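Note that chain A is present in both complexes that follow, paired respectively with chain B and with chain C.
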Partner chain A sequence: MPARILVACGNGIATSTVVASKIRSFMEDKGLPVDTTQTKLMEVPGKVEGFDLLVTTGEFDGKTHGVPYVKGMPILTGIGADNTFNEIYKIIKEKEG
Partner chain B sequence: MHIIMDVFNWLIAAGPTVLLPVIITIIGLIFGLKITRSFKSGLTLGIGFAGIKLILDFMTTNVGPAAKAMVDRTGVHLTALDVGWGSIAAVTWASPIIAILIFGILLVNIILLILKKTHTLDVDIWNYHHMAIVGVMVYFVTKNIWLGIGSSILMALITFKLADWSQPIVESFFGIPGVSLPTVSALSSLVIAWPLNWLLDRIPFMRNNKFSIKDAQKYLGFFGDSMIMGLIIGMVIGWLAGYDLMKVMQLGVSMSAVLVLIPKMTSLFMEGLMPISDAAQKWSEKRFKGRKLFIGLDAAVVVGNQDVITTALIIIPLTIAMALILPGNSVLPFADLAVVPFRVALVVALTNGNLIKNIIIGLVVTASLLWCGTATAPVLTAIAKSVGIKLGANSLYISSFAATSMIQSFIVYFAFTWHPLISIPVLIIAFAGIWYFFDGIKHVNKNMEMQDAVTD
Partner chain C sequence: MKVDIDLDKSLFLPHMTADDSTDVIEQLSTQLYEIGYVKESYIAAIKKREMEYPTGLPSKSPAVAIPHADFNLVNKTTVAVGTLEKPVEFHDMENIKKTIPVQIVIMLAIGEPHGQVEMLQRVVGIIQDEKLRNDILNANTSEELLNLIEPSLLGILN
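For the complex of A and B:
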């Protein structure tokens, strides 16, 4: 089963679509396809459990229930995006063993 | 020329599900996308529109009769159903003049950047719908294409300048440098918040109080959960309509379904427009290489802030209460309760997280949303019907907390439709005065101005 990533932004539509689809194509190129689910930031605490990774496009300091968390803003601005992608890759790679 | 008009009219007659793929494919090609890529983008938008249409039909056939029964039984006169910004965005993208408006807005940004009159680079094509809808509505009412284009251009001008002027508070409060937020749904509140905040600061108590609410999320969190919100609102409407328990529960689940499904359909629009936004971004990176600019992002990047969430969770229930008691209001808040955080995000940044001021300003903003939404619901409803959205046999209007419900968009729409020869010049002069205040007297973007001066 591919790793599951929860991608959250303000309304679960706009920026999370951009970030989710960029993560999907990046991971696919790396040979580690992932599933992404989009949601609103306000719904993260109630939804995040059971996911392998949480990525948010903005500031978030709610509960993550132990799910690893990566800030996705660089993927939007393009500044420092490589580091963010690598961070995501590392976390998923470790999960998959 | 005659043939072009015939083809165009034929496309309009075919409806948005055909028009959208064609128009977006053409826009994609102009931005240099491959034909396969841009056609898939266009088709994705067409599919998104079909999806929104389905959900809107489902929503109005379910809640329409219930809302009518509620009005008849209780005298609560809320006849304009808030169908959410996503539905409004879909209607906007389905307008026959959308392509002209999109290029007009993009051109305003590029020209302002070249003239160094803005520092905000906004190639987030998706969010152009907030500026475009005003043009669509003005064109629909006046039948004058130039007034339509003009109103969207003025919307764009105001939006990019508000983004510039609010950048310092975005940077200092949210801690994100180099980014501005040209998202009308967040910026518009500043039109009210700036003067009101100044006024409140004349009162020492307002300025200095440090109230905070802990655990707001713990106790009010369900107001931020679309699923639960939809269920509760649906059941309350059913109950007020005098339905029996079975129908109350059916309406509850149906409304919950609407709130969960609308975003899924709307995200198809986003997905379809992404390649075009990407192409615009690449182009502008090349064009403005080496110049430091604010990157315009969707305000979604700041609404996760704890102070924003707390304020929104308090404002949401108060919005419902206000809808019931505000004189002259007929908007029934529903789908856009989910985006209240956007409406308060910059208010929170402006007051530096002062909770009391946030709630006061937030409620004034809410009242403006309800009133402006009520005033423009009939036009919005007529436009939705013109692009083939059926709203059932009920004399129900549609509205939202987006489009001309927002004060910035309402003012521009009003100026272009009231007495254009008087009201447009008045608005332009007023805006020029504000522009002079922020850039000429206060120099809010001092650092950027200095950089621009060096590179001249």
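For the complex of A and C:
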């Protein structure tokens, strides 16, 4: 089963759509396809459990229930995006063993 | 991929004057409402949403903000773009305690929840292109502004 990534932004629609789609295509190119689910930042604490990774655009300081968390803003602005993609890759790669 | 979006010259406003982020958001959203792209309630919704989830994006000057609101309040997908001679402070999307002096406001009126990935990615392309950001800031007429942004959004050029 592909790794599952929860991607959250203010309304779960706009910026998270861009970030989720960029993560999916990056991971596919790396040969590690992932599933992404989008949600509102507000709903993260209640939803995040069971996911392999949480990525957010927008400030998030709620509970992640032990799920690894990466800030997704660089993917949106392009500044530092490579580092963010590599961080995501490392976490998923480790998960997959 | 074809992007189904109407761009309207009257939604491209160079050298706006605004007191603060709320003011520029109000001006742009009112324009969207008056031409019929959004419902009247979009104006209040997008101001409220900016306070809860700010949309300033950290970058080198000129910085960009991308205010947007609930798709239910949008009649037809489009964007409204305003540039500001004097920057106004938007809160940073990722760290709301910080503010960013913004000079380019790209207001997204997105009518479908999932159908506009391509368009959004193109907006992100604008955000990431420093030269284009400077050209946008230097545009003097609605037409110039539209001509700069249209190729990026509709994919006529790359």
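Operating definition for what follows: the second predicted complex is superposed on the first by the 97 of 97 C-alpha atoms of A that agree within 3 Å, B and C clash if a C-alpha of one lies under 4 Å from a C-alpha of the other, contacts with A are read in each partner's own complex, and residues count from 1 in each chain.
One rule holds in what follows: contacts are C-beta pairs under 8 Å (C-beta built on N, C-alpha and C of every residue); 3 or more make two chains touch, one makes a residue touch a chain.
Since we're looking at a predicted model, the values are computed, not measured.
In the model built by aligning both structures on chain A, chain B clashes with chain C.
Measured by the number of chain A residues touched, the leading partner among chain B and chain C is B.
Of the two partner chains, chain B and chain C are each touched by A:18. Judged by the touch definition given at the top, the superposed model places A:4 against neither chain B nor chain C. In the superposition on chain A, A:41 makes contact with both chain B and chain C. In the superposition on chain A, contact of A:71 is made with chain C only, not with chain B.
Of the two partner chains, chain B is the only one that A:61 touches; chain C does not reach it. Comparing 297-305, 315-323, 351-359 or 387-395 from chain B against chain C in the aligned model shows that the clashing stretch is 297-305.
On chain A, the surface touched by chain B in one complex and the surface touched by chain C in the other have residues 9-11, 13-15, 17-18, 21, 41, 57-59, 73, 76-79 in common.
Remark: chain A residues 8-18, 21, 38, 40-43, 45-46, 56-62, 73, 76-79 touch chain B in the complex.
The part of chain C that touches chain A in the complex is made up of residues 49, 52-53, 57-59, 66, 68-71, 93-96, 108, 110, 113-114, 116-117, 120-121, 124, 127-128. Of all residues in chain B, those touching chain A in their complex are 86, 126-127, 174-176, 178-179, 217, 221, 224-226, 263, 266-267, 270-271, 274, 277, 281, 295, 297-306, 309, 312, 338-339, 341-342.
Those residues of chain A lying in contact with chain C across their complex are 9-11, 13-15, 17-18, 21-22, 41, 57-59, 71, 73, 76-79.
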